[in-house]
Each structure stands twice: as structure tokens, then as C-alpha cells.
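Each of the two complexes below includes subunit A, the first together with subunit B, the second together with subunit C.
Presenting the complex of A and B:
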């Protein structure tokens, strides 16, 4: 232990012998660390927001469909369980929230225009806790019961259709026999969403009303379940899977929205690659610094060896030197990142590229998120890789022949 | 060889390991830069091409307001004569008239809402990719035939093939009910799900009949020889439109605002990353050159007392840096181009890429191509930063006092 303390003190002093070199290297490491964390915070913030927005249009963490539904979301591919059976199976199972929906492609027509939408027949009460959007923040009113006769459209869609609360629209789809199924609805409410695409794509009606219109009795297109955390849906998934047989397909939300699912998985990969790339760019300088530090004190190293210091000590001392350099640099970088990210956490307005961000599925305010796990990961990865990179110069330094080293000019 | 050059060259290799490590840092960053920039701009090109050549062209003539609302009645009257007029006025073939309507397409088994384009069979191939993507059957050939070409996914979802009938339902330009039965004559496959699932093309003449267009359409699509010439063409189109017409010309960036912004957003985050890489390399160089100046203090003292001006020594240091930077630039550009070329042949993809890029109308595998610009843009910037990094060590020489310098060992 005592030896270790001495080695540390030695390493620290060596570090400041050539303070200019150390300061240049420290700045490089600090900038690198800052960039790692800052960039990750921005990206992490964007992805988090995308997932929150994205889940809000599924919504549900685990879903049950007919096996063919995801590929062919037609009225013919319905869940092979009636409403009564669903209640019996899931009603008492203690889910944080669950509901069933009719979800089919449809066309909405006003006296002026027609547009394609996803028709959602929902049970508003059952879904309230995990709603698509805040059901209270609706112009007019939201649906009140499964047999509500009204329709709620997005504000943007209503604009295009030139309709408004109180006017009538026609929804048109197909029934299981491919007969046209249509019905007039009074627009009772207009909802607002983070993204235009959401406002344009959905029409909400009561579940019973939708079932009547589509002539599908009491069957539904999907059953959804929510758990406590969208990042970890396995417990819910397993619970649901245990309650059904293979006449239906149970999916996690990441499988339904593959873009977001991929995005979430990709985020960690991106983070790691970015950290490694920066480290590699730094590593050349780090190794260079160590090589120089060893080179300019070959004679001292020779002397120490001649006086009986073990090669392992030399090796250890140089590695400690490298670790200290990295640790101080990382610390400065971490602090710098924290200082720059904190003031931005209220959100960065990037509405200048709002429509572009919408293509990514992101909204126009970016909330950087300073995630402590990301910071730890970046620091640990750099320390480990830094350790590996310093092995070679340190090893070479410890292998000098004392006599040769001392006499070296 | 000039004596200064020879001196600089020899100084460079005094510590060959250090020099190679510094060059290594440059080459590493350069390879990354060349590859990333080639990939990035290749993808932007594809994004623009795929989006513009399927949907919007480089510019469109439309009725005012149509761009934002896409309402049926915001028409371009007598659209074919207008397109013909523009073709002769501008002496260009890459101009075609289109109509667009939303409708419900029903086969014997299924119904889906789709976007239906009415196109001129003779001219559409000049402005759109779709006619060239026909996988089965043939493209449209007669402007009045009640025929339609649809995407592969739509054909699969509707469960129909060549020769089958498709019923279209929608609303006409005056809001009246429009219906027709058309024959599927061709199926196209673009590889992008959204396109293959949601779009169909039929002859403009038949389209006008079905939707009561009375000779009108919604857009005249124009394609410039390349994107760079789009602005010039747009100005010519504006003058070619008669003065009393209230039609407007929109460029691609107005028609697809998301596309340009997505590129901008992506570019700014990419340039942030490139900037960090370049700065890290610059620090590496700064460190090396500072060391190389400091360790020669004694030697510099001697030559200065012999009458050498500090400015000349400074130029020597800059020359050394330039040599090192030049080697780094050439090696980096070559290695980067080679690395990129490997992907030009084999294609670049990663797990999940298909889901990630589908929003941008990109295929799941791209083939980046290293051009002269993409191979040298990054390395050149690195070279310039390398030179800038050597300024401080070079200027330090002016502060050197010959006698004191000679005393340092």
C-alpha cells in the first residue's frame, strides 16, 4: 500500500514536470469527454422524446393482435376472442391498464374533401390512464362512452376537411365481407398533438359504434396493456403471453413500431461507437505523450532500475501517470458537460427545422438529458481503453537494461 | 533538395515513433471523415432523388394554397395544354401534368385508402421513377384507358394481380361522389414500403373523367437536368406562365420542407462530430510540435547565436508541420477512399438500418461513393487545422533568448 502511495506521488510529480504538455493533453481529453457527453445528452434527449411521442400514438406497451394483423391491418384480421372472453381473461389479472380497440384503415369524407385515416374505436374510460393525448385538452368534448355516436378528429385534419365541431363527416371502411361499411358521424371534438402527422392520421369513435358500423359483433382488432415503464415491458409481456394461446400474436411495442424500437436499441450502440471513436482520436496523443514522457527520463528509469526498483514498479508508475492524466481530463470534461447541459434542459427550440425533425419522428423542442448512466459508461470506457493503450509504452519503459538506459544520451 | 527542406525532413524523423503516431491520428480521423462524408452526401442524394422523383419533382406549378391544403378544388385549369405549352416554351421533355385524389381502392376481398395520381403516360416516365420500377405487367400507355398501376405492397394487401379489377371510390372536384372500376395493368416496386403501399397511378384523361375534373389537374411537375439548375429553371417557368394566371411555382424545398430540414438537422449534428474529431487531431499536433520545439531549445539557442533569425526557425517548424500534415492528408485521403470503395462494392448497412432510414425513402443498404471532393474536403480541413496548431510552438521561438536557451540541457 505504501508503495502504491509513493508511486502515485511520483506519477503526479512527473506529470507536472512538463506542465505544457500535460495541459495540452488535459485540454484534449476534456474536450473529448465534453463532446462525448454533450452529444450523447442531445441524442438521448431526442430519442427519449421521440419514444414518448411515438408511444403516445400506439399507445400500449404490449399488444395482442391476430397473427396476420400487423402485416395486413384489415377488418378481417381480428383478435379471435370476444369482448366477454377478454374481460374474463384479463379483467382480474391486475394489469396497470388494459383496453381493447377496433383499429382499421378508413376514409373520412366531409362535404369538401376525403382523406385516409386510421379509424380507432375505443373505450374512452378504460384508456383514460394511458391516453393517446390528454383527453381533457380537446376542443369540444372527447368521447364519453363506447357507444358515443360522435367522432373526434385531429385539428389539422379538420382544417383540411374544412369541417369543425358540430358538423358531420362520413367514415367509410369495409366490413368482413368486403361490403362498404359507412356511417355519418357528428364531429364532437378536435384534438391537438405534438406532431402534425398524428393530428392528420387518426379518427376516434366509440368502440361499440365502430363495431356496429363494421358489422363485427363484439370483436376487436387489438388489445393493449400498459406496464409501469416503457423501457422494460418484459414482465407485462410474459404475463400476457401466459394468458393467451397461439391463436393470437403478442407483441411488444418495439415490434409494432419497428422504427422507434430500432431507434431505442440503436441509441446505446451509437453512444458506444461515438465514445470509442473519440477515444481513438485521443489515444494517438495519449500514447505519444507517454512515449515522450518515458523517452525524456530514460536515464532516471535506468537509475531507478539500477538501484533496485522492480520493473513492475516502473510499469505501474507509468500506467498510474496515464490514468491520472485521463481521470483529471475526464473530470474536467464531465464538469464542463454538466455546466453546458444544465442550462439547456428547459429545451432547445429547433422549430426552424421542425418539419425535418418530424421526418425523424421528433418534435421541434430538444430536451437534452444528462443521464448519469451515459456519463459513467463514457468515463469507464475511456479509462479501460486508456489503460490498454498505456500498456505498450509502460511495458517498454520497464524493459530497459539499466546500464544501457543510464548511458543513453 | 533545398537545405531548409532537407533540414525539416530530417527533424521530422528524429523521433519517428512520435511522428508516425501523430500522422496516425490524422489518418484515423481522415479515414473516418472521408467515409462519413461520402456516406452522408450519398444518402442525402438518394433521399432527394427518391423523394423528388417519386413525389414532387424539382418544382411544380400549382394553384395557390394547394401546397398546404391539397384540396381537390384547388385546381390548375386545362392542365394538359399548360404542360404542353411549358414543354414547347422551355424546350424540355421533363414536364408532366398530374392530378391527385384520395380514394378508397377495393378489390374483391379488401379495401384500402390510397393516393391516386392521374398522370400523362407519355411524359410521366421523364419526371418520375415509378414507370421504371414496374415489376410485373406494363406501364400505362393510353391517356383515356381505365387502367391503373399500383405498388407491390398494395397489390399484396388487396390480394390482386395483373388483369384484376379494382373499384375506386372518392369524391370529385365538386364534392360529389366519384366511383369507377379500373384494370390493374402493372405493379411497381420501389423497395420503400410507404410508396409501395400508398400510391397508385392512372392515366390523366381517365382520372379527369372519374373525378369530374373538367380538364383540370393539380400540378405540373418539372424536372431540371440536375438539382443545381433547378433555380434557373424555376425563374424561366415563372416567366413562361402567362401574366394573368394566378398559378404559383414551388421549388422542391417548399414542396418537401421536411426533406431539406432533415438534411440540415442531420448535417449540423454530423458537423459537430467532425469538428470535434478535427480539434482533437489539432491538439495532438500541437502537443507533438510543442515537444519538438521544447526539446530543441538548446540547439535553437546555438543556431540563433550564430545569427539565425527566430522567424526563419519558426518557418522551419511550420514546414515540418506542413510536411507531416501533408503525409497525413495524402495517406488519409487514399486510405479513406479505399475504405469507402470497399463499401461502394459491398454496400453499407447495419442491423436495423432498414427501419431507421425508411422514413427518408431510403433503402436498407446504400453504396457510398468516394469522389474527389468527399475524399479531400475532410483531410484538407484537418491539414489546415494542423498548420494552425503549429502556430503557437512556432511563435514561441520569438521569445527564445539565445544565451539562456543554450544553457538549458
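Presenting the complex of A and C:
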């Protein structure tokens, strides 16, 4: 321990011997750390938003389907459990939110246009807490009960169909016998979503009404469950899996929306690559600083060896010096990142590029996310890589022969 | 009791196309408490001998013993331990660690040795007072004269009471008055603490202080005589 104290004192003093060089290097590390964290916060915010938007549309963190439903989401592939059985199994299981729904492809036709949509037959009260839009923000009204006879369309879809609240549309799909199942609905509301694509894709009707139209009794296409955190769905998944048998398939949201699932997995990998790329740029400066610091004190290193310091202590001193430089630089960078990201967490309006962003599922507001895990990752990776980068100059310094080092001119 | 024993030491350096014999079958015994001055013109081998005795340089052949330990076969780590515990060094220049104050420089060896902080502090203040540097404890080397720096180096060399002090051209950068003061300090320490001093120099003024004068030429001892010190 006493040796560590000596080495720390020497390392710190030597760091500030050439304070101009140290300040330049500290600035580079701080800006590098800030760039790592800031860029990660922006990217993380964008991806998080895409995932949140995506999940809210699925919706649910864990889902139950017929085993063939994900390959063929037709009315024939329904969950082999009736509404009553679902209530019995999941009603008192203590989920944060759950709901069963009918979800089939359909065509909606106004008097002017037709469009393919996903028909969602829902229990409005059961889904209120995790719906991707606020029922109160709907133009007109939202569905009031499972047997509501109205339909709620997206505002964009209504534009396309040239219809509006109060007018009638026809929804058409297939029943289990592959016969046309259709019904006229009055448009009772228009919902708004972050993205036009969402507004164009869904038509909401009451679950009971959908079941009647499709002639499927009280069966449903899917059951959705919501947990506390979309990143950690295992507790919900395990709970659901324990309550069902092999007649249904239990999926995490990452399995249902593989694009978003892959995106979340890639995000961590992307972050690591980003951190490493920035560090590689920094490492040239770091190694150069250490090499210069060693080079200009070869005689002093020789003196220390002559006085009885072991080569390992010289090695340790140079590494500690590098670690101190990195630690201070990272600390400044972390604080800088926090100070610059926090005020932006309310959202950055990027509507100027909204159309381009929407192409890959992002909305027009970017919410940077200062995630402590990302900060820790950036710091740990830089410290580890910095340690590795400083090994070479430190090793060289420790290999000097004292008698040669002392006489070095 | 023998403090240093060198037996048949040889050391050859390559300089361009030439082989320079820095030590040529050199043998010498130095008793504990002796005050020895190694005299030679430049290139005579005195620094090489000093480095071999201090474990800073390994001879090509021969044996080096410090007290009853043979050091020429020791590892780098063992040599570092030996230097730390038993040998004090004073070099011609670049003697101090520039980022440490006078007191911290003196404490340095003790700190590496693991001496408790309070004891280190007391000893370093006392020794700095003994070498006449009271009041200059917080000064960095760059804020002191050459003579003061050498005194700090001497203080550091003797503060942990090593059995052996090796000094290589300690007066080379000093004026005659400061040189005399330094040599007087060496002789006092030699007498008061019975520390063995081996000083390599070609400064004629220094030899007057030595009790034993060893003359070297081309890596060999050409004269070895006791004398009455000044």
C-alpha cells in the first residue's frame, strides 16, 4: 500500500510537470468522452423511441398466439383458449396489464377508396393503460365497450379513404370457413399517432363486434401482457409461460417484431464499436503523451531504479499516470455530457427530417437518453483500453538499465 | 569486517570498432567504515567499478560481494532490494526527483521501504537540518543551488542509515567552497555513523579527505594506499 501511495504521488506530480501537454490531452479525452456519451444518448434516445413506439403498436411485452399465427396471421389461427378461460387463468395473476384481442388482416372500404388494414377487435377498457394513443385525444370518440358498433380509424387513413367521423365504411375479412365476412361500421373516431404509417395501418372495433363479424365465437387472435420494463421481459414471460400449455405459443416482443428486437440488440454492439472507434483516435494522443513523458525523464527513471525501485514499480507508475489522466478526462467528459444532455431530454424537434426518419420507424421528436449504463460502459471500455495502450510505454520505461538510463543525454 | 569484496572483475564495453576494458581483472577488499577514494583519469574504470559494487551494472566476469552476499548473480528485483536496504547513492548530477520537494526527496527511499509517515517526517527533517538545509524542506530541486541539491542527495543517501554510500563525482558541479563543505559532511557522517564511503572522483581536492586512496588506470588498480585525511 505504501508503494502505491508513492507511485500515485509521483504519477500525479509528473502529470502536472508539463501542465500544458496534460491540459491538451485532458481536453482531448474529455471531448472524446463527451462525444461518446452524447452521440450514444442521441442514438439510444432514437432507438428507444422507435422501440417504445413499436411496442406500443404491437402492443405488449409478451404475447400469446396460436403456434402458427406469426407465420399466418389469419382468423383460422386463433388462441385455443376462450375468453372465459383466459379470464380465469390471467385475471387474478397480477399482471401490470393484459388484454385479449382479435387481430386479423382486413380491407376497409369507403365510398371512394379501399385500403388493407389490420383489424383490431379490442376491449377498450382493458387496453386503455397501454394503448399507443390517449383515448381522450381521439377526434370524435373512442370505442366504449367490446360490443361497440363503431370503428375508430387513423386520421391519415381517413384522409386516404376520404371519409370522416360520422360516415360509414365497410370492413371485410374472411371467416374460419374462408367465406367473406364483412360489416358496415360508422366511423366514430379518428386517432392520431406519432407516425403516419401507424395511422394508416389499424382499424379499431369492439372485440365482441369483431368476433361476431368473423363468426369466431368468443375466441381471440392474441393475448398481450405488459410488464414494467420492455428491456426486461423475462419475469412476465416466465409468469405467462407457467400459466399455459403447448397449445399456444408464448413470445417476447423481440420475437414478434424481430426488426426492433434486433435493433435493441445491435444498439449495445453499436455503442461498443462507437466507443472503441473514438478511443482509437484518442489512443494515439495518449500513447504519444506517455512516450514523451517517459522519454523526457529517462534519467529520473534510472535514478529511481538506482535508489531501489523495482522495474514493476516503474511500470506501475506509468500506468497509474495514464489511468489518472484518463480518469480526470473521463470525469470532465461525463459531467460535460450530463450538462449538455439533461436540458435536451424534453425532446429535440427533428421534424425537418421527419419523413426520412419515419422510413425506419422513428418519430419526429428525438429524446436523448442519458443512460448511466452507457456512461459506465464508455468509462470502463476507455479505462481498459487505456490501460492496454499504456502498457507499451510503461513496459519500455521499466526495462531501462539504471546505469544506462542515468547517463542518457 | 569486509563491506565490499571484488574478485577478478572484468568488464568490456564496445565503442565503435574498439573493445574498451573498463575493468581488467580487478580485485579489491573494502572494510566496513572505510572512507575510500577511487581516483583515475576519465575512462579509468572508477565509475564502472562503482556501478558494479552498487549492482547497477553486471560485470562480464568475476565476483562482487556486499558484506556476505554475492550480488553479481542476483536478479534485478533482488538488486533493487539490496540497493534500497543497504546502499546510498550520490551521483554527479540529476540526483533528485524534480517533482518532489527536498523533504519528499529525502523521504522517498524510506517511503518505498515502508517506513511509517511520522517516522519518515521526523527523520527527513532531522537529516536536512544535519546537512544544513533547515528551512528549505519544501523547495523543489529547481529552486535550489547545485550545492544544496547535492546536500539533499546526500541526506537521502544516508537517511536510512545504509551500510554503504557510493558517490560518483559528487563535487563535479560544485564550487570549491561547496565541495569542501560536502566532503566535510561526508567525513563527519563516516566518523559518526561508521558508514562506509566509496567516492569516485578525479577531483584532486577530494582525495585529501579520504583515508584510503585507490588509484586506477585502464580498469586496473595501480595504487592503493592509506593516508591521513584532512
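The definition used in the following text is that the second predicted complex is superposed on the first by the 405 of 409 C-alpha atoms of A that agree within 3 Å, B and C clash if a C-alpha of one lies under 4 Å from a C-alpha of the other, contacts with A are read in each partner's own complex, and residues count from 1 in each chain.
Here, a contact is a pair of C-beta atoms (placed from the backbone, for glycine too) under 8 Å apart; a residue touches a chain by one contact, two chains touch by 3 or more.
This structure is a prediction, so every number in the text was calculated from the model and none was measured.
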{"item": "Partner chain(s) touched by A:311 [first = subunit B, second = subunit C, both, neither]", "value": "second"}
{"item": "Which superposed partner A:237 touches (first subunit B, second subunit C, both, neither)", "value": "neither"}
{"item": "Touched subunit A residues, subunit B compared with subunit C", "value": "B"}
{"item": "First, second, both or neither for A:299, with subunit B first and subunit C second", "value": "second"}
{"item": "First (subunit B), second (subunit C), both or neither touched by A:17", "value": "second"}
{"item": "Partner chain(s) touched by A:185 [first = subunit B, second = subunit C, both, neither]", "value": "neither"}
{"item": "Those residues of subunit A which subunit B touches in one complex and subunit C touches in the other", "value": "none"}
{"item": "Parts of subunit A lying in touch with subunit B, wherever the complex brings them together", "value": "18, 20-21, 24-25, 27-28, 31-32, 35, 39, 42-43, 72, 74, 76, 105-107, 109, 111-117, 159-160, 162, 172-174, 178, 180, 258-259, 261-263, 265-266, 274, 277-278, 280-282, 284-285, 287-289, 291-292, 295-296, 350, 352-361"}
{"item": "Subunit C - residues contacting subunit A, complex", "value": "51, 54, 56-57, 76-77, 80-81, 83-85, 89, 91, 94-100, 104, 108-109, 111-114, 156"}
{"item": "In the complex with subunit A, residue positions of subunit B that touch it", "value": "15, 17-18, 21-22, 24-25, 28-29, 32, 69-73, 101-104, 106-115, 156-157, 169-171, 175, 257-265, 269, 272-273, 276-277, 279-281, 283-284, 286-288, 290-291, 294-295, 352, 355-356, 358-360"}
{"item": "Residues of subunit A defined as touching subunit C within the complex", "value": "2-3, 5-6, 9-10, 13-14, 17, 299-300, 303-313, 401-403, 406"}
